[in-house]
Amino acid sequence: MRGDNMLGWAKDLFPICRSLAGPGVRETLTYLNKLLPEMTLHEVATGEQVFDWVVPQEWSVDEAYIEDEDGVRIVDFKDHNLHLVSYSEPVYEWMDLDTLDQHLYSLPDRPDAIPYVTAYYERLWGFCLSHKQRQSLKPGRYRAVVKSALYDGALSYGELLLKGREEKEILLSTYICHPSMANNELSGPVLTAALAQWIDETLSDRKYTYRIVFVPETIGAIAYLSRNLDQMKQRVVAGFVLTCVGDERCYSMIPSRTGGTRADQVLSSVLASRDDVITYSFLDRGSDERQYCSPGVDLPVAVFCRSKFGEYPEYHSSLDNFDLVTSTGLGQSFDVMADCITALEQNVYYRAITPCEPQLGRRGLYSNRGIGDIPQAALKMRHILAYADGTHDVLSLAEITGIGPDEVRDILRQLEVAGLVCAE
Amino acid sequence: MRGDNMLGWAKDLFPICRSLAGPGVRETLTYLNKLLPEMTLHEVATGEQVFDWVVPQEWSVDEAYIEDEDGVRIVDFKDHNLHLVSYSEPVYEWMDLDTLDQHLYSLPDRPDAIPYVTAYYERLWGFCLSHKQRQSLKPGRYRAVVKSALYDGALSYGELLLKGREEKEILLSTYICHPSMANNELSGPVLTAALAQWIDETLSDRKYTYRIVFVPETIGAIAYLSRNLDQMKQRVVAGFVLTCVGDERCYSMIPSRTGGTRADQVLSSVLASRDDVITYSFLDRGSDERQYCSPGVDLPVAVFCRSKFGEYPEYHSSLDNFDLVTSTGLGQSFDVMADCITALEQNVYYRAITPCEPQLGRRGLYSNRGIGDIPQAALKMRHILAYADGTHDVLSLAEITGIGPDEVRDILRQLEVAGLVCAE
Amino acid sequence: MRGDNMLGWAKDLFPICRSLAGPGVRETLTYLNKLLPEMTLHEVATGEQVFDWVVPQEWSVDEAYIEDEDGVRIVDFKDHNLHLVSYSEPVYEWMDLDTLDQHLYSLPDRPDAIPYVTAYYERLWGFCLSHKQRQSLKPGRYRAVVKSALYDGALSYGELLLKGREEKEILLSTYICHPSMANNELSGPVLTAALAQWIDETLSDRKYTYRIVFVPETIGAIAYLSRNLDQMKQRVVAGFVLTCVGDERCYSMIPSRTGGTRADQVLSSVLASRDDVITYSFLDRGSDERQYCSPGVDLPVAVFCRSKFGEYPEYHSSLDNFDLVTSTGLGQSFDVMADCITALEQNVYYRAITPCEPQLGRRGLYSNRGIGDIPQAALKMRHILAYADGTHDVLSLAEITGIGPDEVRDILRQLEVAGLVCAE
């Protein structure tokens, strides 16, 4: 059900021609804004300096095609927006095949796939097509037509702050700058939107504030950080970059640069109960964790993927479609992140309130009438109390005492009710 | 000799019906006070709040028995004080076997043993008997008689402070609330008394102050801590809970909650030279280390046992007698603790006084007339000097240099006499 | 070439009769001063207290021999200065063989070798000879003649400070108090002199200041430290004791007392690429690292040797000559130390200047026109930037990223030119 919703949103968003800045990103954010009415849209003007970078111009496309001498459009942006190199400059010119070929991109090892090519920060134009089609092109004259525009405007991003009881934040970040591809990227935004709805609706008594951002990759994250870094450094206790989360193949994580952050701990602990988990090195990074974990930024951010970007055969091509991304895959990814969030919400640090052991008996928590060993239930309660020194959360108490996390939670609940431990 | 003394005291104390509070504890403390005249006796009034607990009433027993229709006392408290559940309320009633049986306790897997059962914080009465005897009871009428009293009074404990040159303290803690059982518990108080005599008489020039406490288990330790915690946190550098130290089977230690304290180090180092050593986890704890190591108390306290409570077949039954506890066993335990105390007294941290190596030759500590390698003695002295940087004690110097602890001590003595190292 | 120079200097210095203090040390320093004109010579007066020690008298020898009844000089200091026990007091006396023999030293297990014997801090005289010769001595009368003098004067040492851009220092220390032996000791001073020339001439734009000291072993290092310790503790970031560096057998290092200093790191990293490396324990120390690493001094100093002192059969005897020490051996040792110094000079700690990744594309450092994976060069640059957080030097960046140190250096250079990282 939840997977179906996400899949439906992804299919709605699929045809839009997203790029770094321009109408495609805006249209995508508008769609997401309907799902998440509290989300606010932000723009950063072309030419604005964001840390080391400068915000690029917007790009829009009216039409783009290659036609042959018979007027047949052999490659048409209308058919698939991957056919046009992103940020292609305008062209309207007849040329022979040799000249045209210098502007063509195909994948010899995936002859049926249209590749995904960008030229954000260079002035050029180009078309992408299947290698099969490219090889079938006959010598002759072709007209390349790109009716695109590059113009000063703004970079757009969406931000949703879901307030919790505390100012401390969990960050969810995903990107919205890739054209028609399903896993990379639409799986990320739709999972993030579904999580945001769930947090808003189901986690109404949540502890943490959730900072949820939909940004164009790299430049968007940098722009966002340039506006929010100080606050995020004070508030974010764990963050996740969500990308390539729609297939059913495996589960992947890329730990933060330093490792060992709360995001790393909880994601790795949640994935421990799944099969087919791949833990990459930070050296394998590639998405906005590059910015969130850079020196001087150093936020506690890990990446969650199914098949990691760059590691699956359909990556960055027209094969990255809804044969790969499924309702089931999206649903499983939702579960992983919901488990992570639940764990973070629940993983408070416990402190025993009284020095020495409390008297469990007079609270009905301990009865040893009869003979023999201390009852297991009382022993477990004592174990939890013995380590509730303010430095251990549920998972840590579970690990130390050998009691399962759910039972640890039950026991802590009883102890909290009895006024014997408090959560910090 | 020392073992015989301890065994004699244990046999004297054996018949007394100890419990949490009442004449049994007081009589036991009075006996120990004769051995340790400087010990002071303390009382905490019934109803007084001690941390999370409330001090219970005293309990005393006049007589208690079960008699059959022929007036034969088939179970009698006079024969063995384990026959009566501790803190049994009064009863004087005829009943049939079925009703009586609900008040009987036996051990099917140890059919000859009378079990040890307590009901400190509940109102009930009961009798304990061997499973064999229980099975031999014939249907019929029985009279259960318990002439006991529960009344406001006080919890008693004994405290002995043996002043040393320094205010820093070593804690020895044992308990005095179990009726006629030899290993758990009389081995603990008699070993502690013997150690106290030895410290007082033999260690007259001791460095540390010794805080030696005889308390009813759990509630006594909590009451004691509630009165002394602040001071103990400032002063105690190592402490030991002494319990089940009278058999000859194995040596056991339970490290402190955090591990790595000076008590852990010295006990584990002393036990390293013994055979059959079992090192338990803090999760296996069960005596007053539960209080001494609880969050907020966190004293550096380890437990020393021979066969650990709960781990030997005679535990908590009438089989825990002088077949199990021997003069030899007690003597060996004395040696372990005396070694620990000696090590603590001696394990000062050494610091070389002069930068660079001192000139051993002009002090007669080094002679290399002739040929060949540096004499071993001088080389060892240099090794000790090289690591005498104020962070290593004898055991640590021994471990680093590979020189035996006794030889390390000899060398340090020479170096101290020569004014080349000082102890910190 | 460089090896030949060093070997030539060692051969020039070989005949001089060095000892702790006196004309031999002074003559050696004068020779080294010609090689290193900026070196300054220092003297510490006899009787001066240096930490725990007192500076000894000078010792000089006019002649020393044993003659037989026929006036034949069977042992003569002129033939080999090892024949005389260092610091022998004067003697001029006829005696029988038995008496003489009490003053003779030889090595039964190395019957052809004249041993090296000293008596610095004792009043005695003695001759050293091969065990073969000793055994051939016939009963009869012998005259022992030692025309030596012990007199108040001074202990001499040489110090060379080669200023760098920074006040932080690299220490090179070697000793100059052994008579005619090639590996222990002349290999040390000649390697140190060659390194000093190379640092002065080749490393003209060096970062570090080099503190290069030629001292009599032990007492000289102690005297030097007593005058310079405070400054050295502030300035020395890495130091090396150079001794026994002239043979071709193996490479040895003795780490500093604590280990893990920058000297330990760089020496062990440089030696990792050599064959036949022995890493000793600090317990195997024996030269001036004994002082540099003593408690209270604790400089970051490691020892570099080929065959370590005490570990090769020619050690401390006339067999320690130019059969053992070669031009090749000295040259290889030079390379090790030059590599260490180069590494230290280059191993600055890098910090990325901008938060988030910088925009490599607009600086011509990244071009992704076309299809496919991120270019390796750009990926490596990003990896370096990702870890340039001010805590990693070249070697550490190389280890983390798996990029070779030279390539790491190239990339850092490009990034520095582009203003994207700075060195700390």
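General remarks:
First chain written, first letter: the chains are A, B and C, and each begins at residue 1.
Just so we're on the same page, a residue touches a chain if its C-beta (ideal position, glycine included) is under 8 Å from a C-beta of that chain, and two chains touch if they have at least 3 such contacts.
Model, not experiment: these values are computed from the prediction.
Interface residue usage between chain A and chain B, two copies of one sequence, is largely distinct: under half of the residue numbers at the contact are used by both copies. Chain A maps onto chain C through a rotation of 120 degrees [Cα fit, steps of 5, range 0 to 180]. The distance from the centre of chain A to the centre of chain B, each centre being the mean of the chain's C-alpha atoms, comes to 58 Å.
Multi-chain contact residues, meaning those touching two or more other chains, do not occur anywhere in chain A. Contact residues on chain A toward chain B in their complex (touch as defined above): 351-352, 354-359, 361-362, 367-371, 373-374, 382-383, 385-390, 400-402, 420.
Residue ranges on chain C touching chain B, taken from their complex, read 51-54, 105, 107, 115, 117-122, 124, 218, 221-222, 225-226, 229, 257, 282-283, 285-286, 290-291, 293-298, 310.
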